Each structure stands twice: as structure tokens, then as C-alpha cells.
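Per-chain residue numbering starts at 1, and chain names A, B, C and D are given in the order in which the chains are listed.
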Amino acid sequence: MPAVGGGEIRAWLKALREVYAGNRDLLTALDAAIGDADHGINLDRGFTALITELDRNVPADPAAALRAAAVCLIRSVGGAAGPLYGTFFLRAAAASAGKTALEPPDVVAMFEAGVAGVAERGKAAAGDKTMLDALLPAVEAMRRALADGGGLGEVLEAGARAAEEGMKSTIPLVARKGRASYLGLRSAGHQDPGATSAWLLVRTAAAVWR
Amino acid sequence: MPAVGGGEIRAWLKALREVYAGNRDLLTALDAAIGDADHGINLDRGFTALITELDRNVPADPAAALRAAAVCLIRSVGGAAGPLYGTFFLRAAAASAGKTALEPPDVVAMFEAGVAGVAERGKAAAGDKTMLDALLPAVEAMRRALADGGGLGEVLEAGARAAEEGMKSTIPLVARKGRASYLGLRSAGHQDPGATSAWLLVRTAAAVWR
Amino acid sequence: MKKLINDPEQVVRESLAGLARAHADILKVCFEPVYVVRADAPVTGKVGVVSGGGSGHEPMHAGFVGRGMLDAACPGEIFTSPTPDQIEAATRAADGGVGVLHIVKNYTGDVMNFEMAAELCQAQGIAVRAVIINDDVAVEDSLYTAGRRGVGATVLAEKICGAAAERGWDLDRIEALCRRVNDNARSMGMALAPCTPPAAGRPTFELGAGEIEMGIGIHGEPGRFRTKWAPAREIAAQMTEAIVADLPFRAGDRVIAMVNGMGATPLVELYLVYGELDRLLETRGIRAARKLVGNFITSLDMAGCSITLLRADDEILALWDDPVLTPGLRWGV
Amino acid sequence: MKKLINDPEQVVRESLAGLARAHADILKVCFEPVYVVRADAPVTGKVGVVSGGGSGHEPMHAGFVGRGMLDAACPGEIFTSPTPDQIEAATRAADGGVGVLHIVKNYTGDVMNFEMAAELCQAQGIAVRAVIINDDVAVEDSLYTAGRRGVGATVLAEKICGAAAERGWDLDRIEALCRRVNDNARSMGMALAPCTPPAAGRPTFELGAGEIEMGIGIHGEPGRFRTKWAPAREIAAQMTEAIVADLPFRAGDRVIAMVNGMGATPLVELYLVYGELDRLLETRGIRAARKLVGNFITSLDMAGCSITLLRADDEILALWDDPVLTPGLRWGV
């Protein structure tokens, strides 16, 4: 695919809705182990609301679609994931402002901005056993793939692979942020639900925009 | 045995304590099916208290022992069984007043008086699926056995057999008194706990005084 | 069985000890025999209001002892009615010299024990009147049975008669008031899950994953029939229908409406049920003039709820609004 | 899963609808977005006190809206913190022109959503201060973690700050008071059985027949460690020891002592636990000057309890005794 326009962003968000609906129980079960058993439910509620919103008034350019996503998720997800993913899309929108279509470097910049927003909002760092453990390596890998002259497909594939590894890397970790941190050592041995939904976020972009 | 004195009454009451302790769970399970799962617990509590009492001050004659039982059971059993068995022993004591030892006719008179008391206190009739369905046939059979010239042993044996049949006869009955009556038709098919403890009352007398 | 207890045989006494420590300003607990009495009892010249029954229904009855409600309560063992000596002692402690009302739930055991106690008290010159509460529409009534159980109406009767006593009404008038409350009140309960009495150690009945019991009492007894789980809307409709049809409650009636939790049902569900009930009453032109939602007459850790409606006139509503200061019910002070 | 609900997705809204019908004299419920507000809000010239969080903890928070406590509450979905638009709307509705205090339990989600809402409100010229409640001694604190959870102290802070606002204190002083309450309060909770969120449909964790969870939070999370069931005496001693040692509470301290039920634990057990707690405090020379026993900050149908102690001075005790009129807490009126 040449570049990512408003239509592609909408396609990504709609695909995410399907993906989170399909993984609702998985994400909720992961959250039950070290959280409060609602992560999948929260995301499913949020993205379902988002799709209704997107169908009501179709945003033209990428920034508009991303901002619509941000506002809707902040309104409807709640919990920790709401402000975090909401901030992700808010920053992603800002980074894409004024562009009718995103070239590969713009796509990477969009993810970089979004992930930076998550880090600021949640004040978490790599290794805290959060969604950042999937998101940080993902943007890092995208940057590298882009530098190596990769096209959008390679760039996103690289990001998705890194996100998956980052997600798996949360299993042995002891949580230092979020609800899971209340479990102390007992949080080790479980995959972080947010890192899992974050991997799905990147992987779906790769799948939809290949 | 020739006649029933204060010692024999105490022996009966002590044996009853063992019997109800041993059947605590059975009686409670029967009560769980059509009542509130406490009949065995109630009787066990009452007769345990009674034995402590009897050991503290040993009543001389039958009436004194029976009255001590009445007062103690009324104090400690509670529920429906408390006033009912309490009244049984109160009336039994009255019927035995002034006698140092009870001859077979006196024993039958004692049971007759006690059972009449239960009927008055509870206002139940034969076939209501209560302890009376074991007690009424028991006194009836004792009377007959006595009339047929039976000794204490035969008289009590006859009473115990009739009580057992009466107890079994409660299984198909629909309860018209007590908690079980709240179940309506659902009370059918279960043996009445009070009829069961009443059968044990008579059977234990037969066993101890044979 | 996992419970916050020490010894199954000591639950009632140890819990009452905690009640006494938590509410020394309101009540006193006596142990030989066991009864709970207003801290300032007896109130001379005031009719005493006494109730009691098996424990396991908290806050009823001990939690309703205090100004404007009960002068004394006699808690029996779990689900086992109190004994005559307890009731007698409680009655004596509550007697302000102008008589005592016994509010008795209609259970064979309670009725017989209160009867025996009343005889003992009258023998000592204390004027005692007993009113039997029997508001449970789930039980068919008949001369040949033990009759209907006393359930939710007991809570309302204790509040309303307690207020009348506080106002200085005499025994005759309070007795008549209590009968009026009972005659105008109807209740029905249901269970999603049974309860586990500490001494028994196992649930009082088994319920399948998708089953509920309709028409349960408050002693862990099974109900009148077992049916499939249904949405709260349908369960509330079934109970309301049975209650309204029984009195019957009519358009224009004002009622005190209680949605009571059986012990293990969270408030979020009870308020949802109240919403359904209130809507159902509205469509029938019945007005919920006063509302009570929460755990008032429970069955240990049973999950489920009961609904009680009391047709109320101005006098009953005024008595309802009078100040009450007890551990379980408090307003106006 | 058997519950008194209609549709798992609608539980919160339908329950709030029932709350509104049951307490129209005290509060109003708005649905777009969802928040609960005092019937007479905004009270001009009075600081607004607002709290909120996931639902499933009833009566907290919506049940504490009313005179002398909260001006508004924003209930999120079950166990899910409310969203900024809800919090913003509630804050606007509670603003009497002299600022609004946000009482926020320390959960990442709650903190972030209240933060975003505060930014929105301040942009509109409403003075907002947030105090984070973090009283749970079961969680180790550290700069590198999310820190301690906010639990039982939230109830006490809402009552005490609500009273101060009613007295006309200004925002600075109420904010300082809220921090003082939080700094002097400690809590710990335990579970005998997990809870089942309606939307999830299954228990949030599994517990063996003889096992309990010590150090649980209020969202069905597992606790800090799992251990064998022990008598209430030992469980109460463990929790009290952890709480007292943490502040530490000292001989001569006066405290407000709360024994809180997690939702499915009967009052008979909670009072038994209170008795144990009161005895333990007595032996340490700590005086329970005020007591609260019941369900105040729950976790749906979880079985278990939590203990909260607040070291209180005369001022805090006086504010505690001030009149409060809410569905969940009421006295003095």
C-alpha cells in the first residue's frame, strides 16, 4: 500500500473493534489473573462505541479519524486503558495533523508520538509490566526497519514482531505499575493484559495496511 | 427390671444424651430437607446441658428427675422441640408425682401424660407429620401390651416398634404443622425429624429398662 | 465452610459481645440468659416492645433495639427460637410498669416459646400481649396448618410500634396498631443461593447452576417451588404480583415498600430490584410513600431478596417518620 | 452466574435508576454522562466534594451523596474507573462557585481519569483540588510502584470532608483536612471467597475449600498472599497488627474504627470481628472513640471483611458527629 489515508485509519479502527471483540475473553482472563477482570470488556465497550461514532460522521483525514478515536475511547473505556489508549490516539492525531495521507515515516512518527503520550500519562517505564513493554520495542523496531529502507509493510511487520516479543517478555516480570503491582511477586508468571492488547493494536495495523 | 426409680430415669436421660449426640447429624440432615437444619443440634445442646445439670444435683425420685429434665430442656433446646419435649417431661413428672418407683402401669401413664402434653402444646393431630405420629401410636401400643398382661419389657418394646412404624409413616405425609408445612407438597417424601427423635426417645427407654 | 467465626457453638454470643462493644451508647447485652436491652431500659411509664427469634437474621432483632424501636430482643441460637427464660428476662427488663408487647413471628417454635414465657410473666403480674406476624404470601394459609410465616412485616411492625410506645400510647392501642400493621402487610422472598448455618457446616439445600428458589423463608428452608433463573425484571414482577393480589393492594394505595437483601446480595442488585418494583407499583397506581432498601431481615449468607409492602395511612406514615436510634435503623436523631 | 440483574451491560445504569427512585428526596441521577448529584446541588458558596470510581463498591460512592457528605459521585462501570467526561460533569454540577475537592482512590485508572477531568475543569475556571487516598497497608509502597490502594479511608474522608464543607470551610482547609485524614488512616482487607463481576460471569479468582486471601483490594483482585482459614480471632489479630504497626497507632490514641463487610458476609460475623478488634485495641491502650460496622465499601458479592482505623483528634471527631443524610450513612437528621 502506498500511504495511509483517513480511510485506512478507519479500516484499522474497525479491524481493531473485531479483534478486541474476538479477544474480549482472553484479555479479561489475563486481567483476572493479575488485575480486576475487565480489560477485554473495557476495550470491547470502547471500540464498539467508536465504530458507531465513526459510522455516524465519517472523518476525512487521518488526524480527524485518530482524534475521533481518542475522544470516544476516553469517554467510553474508563479504567487505566481508557486514558492510556485515549492519549495514544490524541498524540497520534496531533502528529498527523494537516496530512491527508501518511507516508511510512509519518506512520512511524504517529506511533512514536502515541507511545510517548502513553509513557507520559502513565509515568511507567520499560520493565514495569505494562502495555509499554510491547509498545516501546515496537516503535524502536519500526524506526530501525524504516532506517534500513523498509516499506510500510516491513516496518509494521517489524513493529508487530517486536510487540509480540515485548508482550511475552512481561510474563516473568513483577509489575511495578497498575493494579498488578498490588500483587507484588505474585504478579510474576502472568502475561500483562495491556501489553497483549497493545500487541494486537500494532499487529492489526500491520495486517490491515500490508 | 422390676420398676423404674429415679436412678432408672437418670439412666434413660443419660442414654438419650448419647443417642442424640450419635444421631445429631442424621436428625439435622432430616431437618435440612424439610426444616431449618437444626433439630439434631438443638437436642444435642439440650441433653448435654441436662446431663451437666443432673450431675450437679442428683434428683432422688422419678418426678424430680423428670422435672429437672423439663426445666433444662425448656431452657436450652429452643425451637419447636424445646417446648414440646419440655412439656412432655413436665407432664410426665406430674403424672409420676409422689412415686418412688414406677410400676409398668405408671410408666405407661407417664408416657400418656407426656404425649397428651405435646399434643396440647403443639395443637397438632395424628397425620400432621410431626413427632406425634411416632408418639401417639407408641402410647396406644403400650396400653394394649399392658392390657395383654405384658411386663415392662414387652410394653416398651411394643411402644418402640409402634413408634418406629409411626416414624416411617411420616415419609409420604404432607406436613400440616411446623416448619415443614411451609413446603406444602414438597414436604412429602421426607421422614419427619421430630418423629425420628421421638422414636429414639421411646426406643432408648426400651433399651435401658429392659 | 469458611466464616469469620471462632467456634460454631459460640457465634451468637461472640457476635452479641461485639454488638455490645460497638453500640454501648444504645444497648446492653446480658448473657445469663441471653437478651439485648435498651441502655436506658426500663423506661418508666412506657409500654415495652419486645421481639426475638432465632439468630442469623441480623440486624433483626438485636440490631433494632434502641430508642423508637425495640426495648429488648431475645436472640435464640442460629435459626432456633429463643427459650422462655430468655423471653421472660427480656420482658422483665423492658417492663416500664405499663405492660409489654411481644412481637412474635409465626413459627411453631417462636409461638410456643413466647406463649410459655408470657404465662411466666403474667404469673408475675406483668401485662403481656402477643401479636403474631404472618405476612408471607408464599405460604398457603389454612386452619389446619401452622399458617403463614412472619417475615418482612416484622421489621416494619417493630419500627412503627416502637414509635407509638415512644409517643406514650397504651398497651391496648399499640397491640391494635401492631395487628393493623400485620393485617396490611404482605411479603415474599426468593433465593439465588442457600445459606450455611455455622453449626450445620453445609448449605441448607442444593441449587443447580441455573436454578432459583421462589417463596423461601428466612431460616434457609427451601422455598415453595424451584424454577429457572430469570431476569430481575421477571422475578420482581412475580413477587410483586403475588403480594399485590393477596391483600389486595389497590390503585390509590400508599405503601411503605421494602426491598430486603437475604444477606449475600450486593446493594447494587437490591437497588436494581427496587427500581423494577417501583415501576411496577407505578403502573398499578400504587404509590411508594416510603422506601427501605438494604439488609434488614436476613438469612445468614443466603443470596436473594424479599419484597414487603405495607398499606399505610397518615398515622402509620407519621409513626414511620418518628425518630429511631438503633444499630440497624436510624433517622431523625 | 446467578444475580438479580437483567443485562450485565446495564447493571450500573439500572441500579442507579433504582437508587434515584428510592432516594429522590436526597439525590438526582443523570445519565448522559452518568453521575449522581445532591438534589439541591449546587450549594452556592459551599465547597463541592466529589468522588467516584468503579461501581461494585456500593454504598460507596453514589450511596454517600447527600447533605453532609458528597455533593456528587461518578460511578464507572463495575470495577472500572469513571471517564473524564463523567467526572467533569459531576464537578460542574457540584461547583457552588468556591471550588471542588476530588477525593480519588489511588488506582492508576482513577488517578489518570480524574487528572484529565481536573484539567478540563480548570480550563473552565473551576478550582479543583485532588487528594489521593492510599491507606491499604497490604500493599508495599515505593516510588517505583503505583503505590498503595485507596480503600476504607475513602469512606471516612468523604464523611469528614463533607461535614467540613457543610460547615463552610474553604477549599484549602478542606484539602488539608482530607490529607490529614488520609495520613492518619490505615486499612487492610481479607476474603473468604471471591466475587463475580456480572460482565465477566465468573469468579475473579479461585480459592480452595480451606483457603483465604489476605490483603485483598476492592476490585476482586487476589490478595498479597493466600493462607489457610483461621478463626476470626487470628484473622482480626493479623489485620490489626499490620494496621497498628504501620502508622503506628500508639497507646492513648483515639480512633474511628470501621469493620467493613465485602458484600456477602453477614452482620453476625462482622460484629463478631468487631468484638475481636475492640478487644485487641483495648489491650494496646487504643480507644475506639467511634465505631462503624457494616457494608460501606464492598466488592460486589465477595465474602470477607476489611478493618480501617483512623487516628482522630477532637476536630475530626466533631466533624464525624456532624449530621449526615445519605442513603448509605445517616445520623443527626
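Simple rule for what comes next: contacts are C-beta pairs under 8 Å (C-beta built on N, C-alpha and C of every residue); 3 or more make two chains touch, one makes a residue touch a chain.
Keep in mind it's a predicted model, so treat the numbers as computed, not measured.
Asker: Going by the touch criterion stated earlier, list every chain that contacts subunit A and also contacts subunit D.
Answerer: Touching subunit A and subunit D alike: no chains returned.
Asker: Can you compute the centre-to-centre distance for subunit A and subunit B, using the mean CA position of each chain? Integer Å is fine.
Answerer: 75
Asker: Approximately how many whole Å separate the CA-defined centres of subunit B and subunit C?
Answerer: 32
Asker: Quick one: report the Å distance separating subunit A from subunit C, using the average Cα coordinate of each chain.
Answerer: Computed value for the inter-centroid distance: 55 Å.
Asker: How big is the gap, in whole Å, between where the Cα atoms of subunit C centre and where those of subunit D centre?
Answerer: Centre separation, subunit C to subunit D: 29 Å.
Asker: Multi-chain contacts in subunit D: which residues touch at least two other chains?
Answerer: As it turns out, subunit D has residues touching two or more other chains at 78.
Asker: Multi-chain contacts in subunit A: which residues touch at least two other chains?
Answerer: As it turns out, subunit A has no residue touching two or more other chains.
Asker: Which label fits the chain touch graph of this model best, line, ring, star, complete or other?
Answerer: Per interface graph, the chains form a line.
Asker: Please list each pair of chains that are touching.
Answerer: In this structure, the chains touch in these pairs: A-D, B-C, C-D.
Asker: Any idea which subunit C residues touch subunit D in the complex?
Answerer: Interface residues on the subunit C side: 2-7, 11-12, 14-19, 21-23, 55-56, 58-59, 63, 78, 192-193, 209-210, 212, 229, 231-233, 235, 263-276, 278-279, 288, 291, 293, 295, 298, 300-301, 303-305, 327, 330-333.
Asker: Help me check something: in the complex, which residues belonging to subunit D touch subunit A?
Answerer: It is residues 9, 33, 54, 76-85, 107-109, 112-113, 115-116, 136, 138-140, 144-146, 149, 197, 199-200, 202, 204-205, 217, 219-222, 224-225 of subunit D that touch subunit A.
Asker: Spell out the residues on subunit A that touch subunit D in their complex, using ranges where they run on.
Answerer: 28, 32, 34-38, 41-42, 45, 74-84, 86, 121-122, 176-179, 181-184, 186
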